[in-house]
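Input: structures, listed below.
Okay, so subunit A shows up in both of these, paired with subunit B first and subunit C after.
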Partner chain A sequence: MENRINKIFVKNFRGLVDLELNKLNRINVLVGDNNSGKTSFLECIKLISNPNLNNAITMCTTRTKQLRAGSFFTEFINMLPKRDNSGINISCIFDSGNELKYRLNGNVVQTLINPIEMSEYIKIIKFDSMQNISQFNGKIGYDFYNKNTQDIKKNEQEIKLNAFNAFNYRSFKGKSNLMKVAYISPVDYAGINRSFDIIIKNEKYKEIVIESLKIFDPYIEDILYMKDDFGDPIECVKNSKVGIIPLSCYGDGVKKLLSVAGGIASANNGILLIDEFETAIHIKNYDDVFNFVDKACEKFNVQLFITTHSIEAVDELLKIDSLVENSDINFITLRKDYDLNKTVSRTLSAREVRENRKNFDFEVRL
Partner chain B sequence: MNNFLEYLDKNLNEVMFDDEDDDYTNLLKTIATMISNTRNENKITQHELSEITHIQQGTISKIENGNCNLTLKMLQRVADGLGKKLIVKFE
Partner chain C sequence: MNSLVLCEGKTDAILLSYVLINQYGYKPFKDENGDKKNLTPIFNSNLNEYAYWYKNNNSFVLICSVDGCDNISEFFSKYIIPIQKNDYKNENIFEKIVIIRDKDDKTNEEIEEVILSKTNISFLSNKWEKVCIETKFDNINSFFLTYLLIIPIEHSGALEDVVLTAFSEDDNKKIIVEKSCKFIDDIKQDASTYLVSRRLISKAKLGVTLAIMSPEKVFHFIDEMLKNIDWTKYNTIMTTFNVLSELA
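Here is the complex of A and B:
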């Protein structure tokens, strides 16, 4: 499995066009205006980590929570560039020297499907005639170049996707995980996936996470499952002042830190993506929280990509001397250039950003 | 802050993660797909299943994404709620 991306070229994905990043580091901080493509960039990494159709379909609805969004089919089509039929095209070089080229392209056509096939897609409705539906016909595939053996493994899957069969493609089939990638969205931390399980399973890590949770509440003593009246497990926190209370009683800061801690554990020897790192965290805690994230990611060999809107968060990161001195962190600014029709980027080392902010009050985010 | 940094430096060294339990993750995902497909085939929404089983809809969503440490009891309740019999087989 690959564990670090060195260079990445996003030719086409959602709003990103011709984005070339050649200097990726252990920690990469993406800054930029709203809609500059920061989240899309994180999604690219998640997309190519598991380059098959199941993953593409699972991923296409990550943005639609709390929206009256379309079907999997509609959202899938929305991932593809609208201006032409070139489809999604992403390539990257890993630290190992191996290379990956990912592509997904095709077009939407009106297709006649016979009633028997339609009934396969939706068992509840009885179709008695040919149905004229929109269908995406295309291909998803990747080339993987192994630097040691010098051979190229090619993989291609044909796609015939429509609103009725798209759901079936979500089933998890096959292992084509090229990288371990964990993604933490700005609003999803309340769900914390299996973070709680992952942390509790490892006694020593749990101890460290609890110590880190004291950043938010110094009276936190333990995290554990308790059973409710149905016998179902509930995530709980033991507090020396109030006893054992459900995690849901706590604010989002605690939940976010748990989510991030679990993300680091599941992304060990892989990549962690934190979208809007600073949400739910008070500015006075940025340094402590970031120290935890940095040290843990370093120890567990996790490459980190974070996005932020906050100049205060950037300044707090710049105060961590060890990071700046060791050149472990890059600041990448993204901007959509509508004249050139591409996403332009600027990568700076922490030292450069720090000097420029000090001397010129440099606005790194734009 | 310095104390915390020292604490981290000292204690993180003692953490070892086991290799991800692929088999278990795959099992959770297989069960997730099974539940999801059965629910859709029977045209039951997650909300309705939640009312029948008294499992929160958010939890059902997590189960269907393979993101929940399912207990056997929960699985039994989901099967009951879907009008299905739960059978476990060693192969």
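Here is the complex of A and C:
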């Protein structure tokens, strides 16, 4: 797979420090203690896939969906490393030999902003005095080396970001998708409109997905759009026992599988990131769901990065012989080592993990 | 701190645990919180297994028997090296590893060489050795201490000889030991079908001695009989396993 990430080095990003991962596989299972950097790792792939300010601000706010958060600006500043001003530096090498180097650096300064400028950013509020505010002055950019053409594409953008202009961050220019990446957070299954759309539009894939949905309900026959009382389309499930019912009425397992299935299709020939993979799936269904995900990722040529806290999920993955025998899956343990002041990692093949689990109840997650 | 004591048989393990408990204040440790779970090797079901944790303050000792000296190196390579290689934090590995095995008819050097060739880890007799191993965490090196205790310390033989020597400290028992040994030496030609090795001859000598000392328990397993002896009174046992005092 040309677009598969083979190596990645994260100098700084959120809590990740000097993390180096080599020989990444088709399926990569990230495990580790709470706060070891698993989610940060997924986010850093999402971040570099589209190296512009718009995406950086989108990424810095992904964790705030369920929390009372500060401004976009506050989230942005807190995404940067605290220990120095070196900023975010991430580089990765693809199977193709292409190489991407991402950087986002700068520093926060105090600056005066006048009421007219402020009102331009936030039109609904009238300001009447100058204000001293924090502003991030820096640069975001990347170097992309194409091994085939031997070309190096360089891009750099000046940033002046403060609490006022960050509010309108979607207006920042920058469409520079370098990698096709889909990201599913632990709560994303609750809103799966886009996934649903992708599946519905691919009739052949839809049949496969419906077959997999029978893991959760053997009477599911179809997924389709219906119109609600106001004529707007709503996602529905056709059930041979109870008829057509809105997807919102279904259990989380069905929603989760649809979310993942849509993510796989939208990451076609790219990368899928799933945080807390096992969320909303009952332990007895792990094997069927994992088998579906494995086959679907293979079919769509998708490199998969998943995080999990569940040892049962690890054990079920280890039971898929084809994955283990073909060495298609790695288990990567992340650990924040405060003594070494870095994020250390351990990458093991599934065969090693299976053998060690059998021999001494190996705790791969720590 | 976690330490591992790897020995040949269940009898060794029983004696070692006895010394740990009664001489050095350890208590059997049941891993209710799962803290040590990932450091406990699971035995091949064909082996006559024994694996128990003991705890004294912050010192944890795992005693494992592997059903014969021939299994020690294989067991170490298969189960212990992966534990040591998969982490570098002291709480997740064994900081001290002691191998206790019978001398039989070999020299200490011969035994050291066999272990080194089969495990690639250096164990020196009666001496702590600092070993470095490259872990799977970013190739970070981890360190642990190894120790090889070959018994009996003074002469050739096996654990049974150590026990018999211990009994001989008591004048009343010394005569029983001597006569039991002589009896076996006298009969071993006629009983060559059963007493096929030096090792089995030693076991027979101990068996006869114990049968005389505890005739009512003669049909019990020897291990059960050994458990009921106050070994702290026997200098030989305490001196031989003195290395256990260094595990804390």
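In this text, the second predicted complex is superposed on the first by the 355 of 366 C-alpha atoms of A that agree within 3 Å, B and C clash if a C-alpha of one lies under 4 Å from a C-alpha of the other, contacts with A are read in each partner's own complex, and residues count from 1 in each chain.
Following the convention adopted for this analysis, a residue touches a chain if its C-beta (ideal position, glycine included) is under 8 Å from a C-beta of that chain, and two chains touch if they have at least 3 such contacts.
What you see is a predicted model; the values in this text were computed from it and never measured.
By the document's definition of touching, of the two partners only subunit B reaches A:194; subunit C does not.
Of the two partner chains, neither subunit B nor subunit C is touched by A:111. Within the superposed three-chain model, A:96 lies out of touch with both subunit B and subunit C [touch as defined at top].
By the document's definition of touching, of the two partners only subunit B reaches A:296; subunit C does not. Touch criterion met: A:346 reaches subunit C, while subunit B stays clear of it. In the overlay built on the shared chain, the residue A:205 is in contact with subunit B alone; subunit C does not reach it. Of the two partner chains, neither subunit B nor subunit C is touched by A:137. More residues of subunit A are touched by B (comparison of subunit B with subunit C). Within the complex formed with subunit C, the residues of subunit A that make contact are 20, 333, 335, 340, 344-348, 352, 355-356, 358-363, 366.
The touching residues of subunit C, counted against subunit A in their complex, run 37-42, 78-79, 82-83, 86, 92, 135-138, 140. The touching residues of subunit B, counted against subunit A in their complex, run 1, 4-5, 7-9, 11-17, 20, 22, 26, 29-30, 32-33, 36-37, 40-43, 54-55, 58-59, 62, 66-69, 71, 73-74, 77.
The touching residues of subunit A, when paired with subunit B in their complex, are 123-124, 167-168, 170-172, 175, 180, 191, 193-194, 197, 202, 204-205, 207-208, 211, 215, 230-233, 265-266, 268, 287-288, 291-292, 295-296, 299-300.
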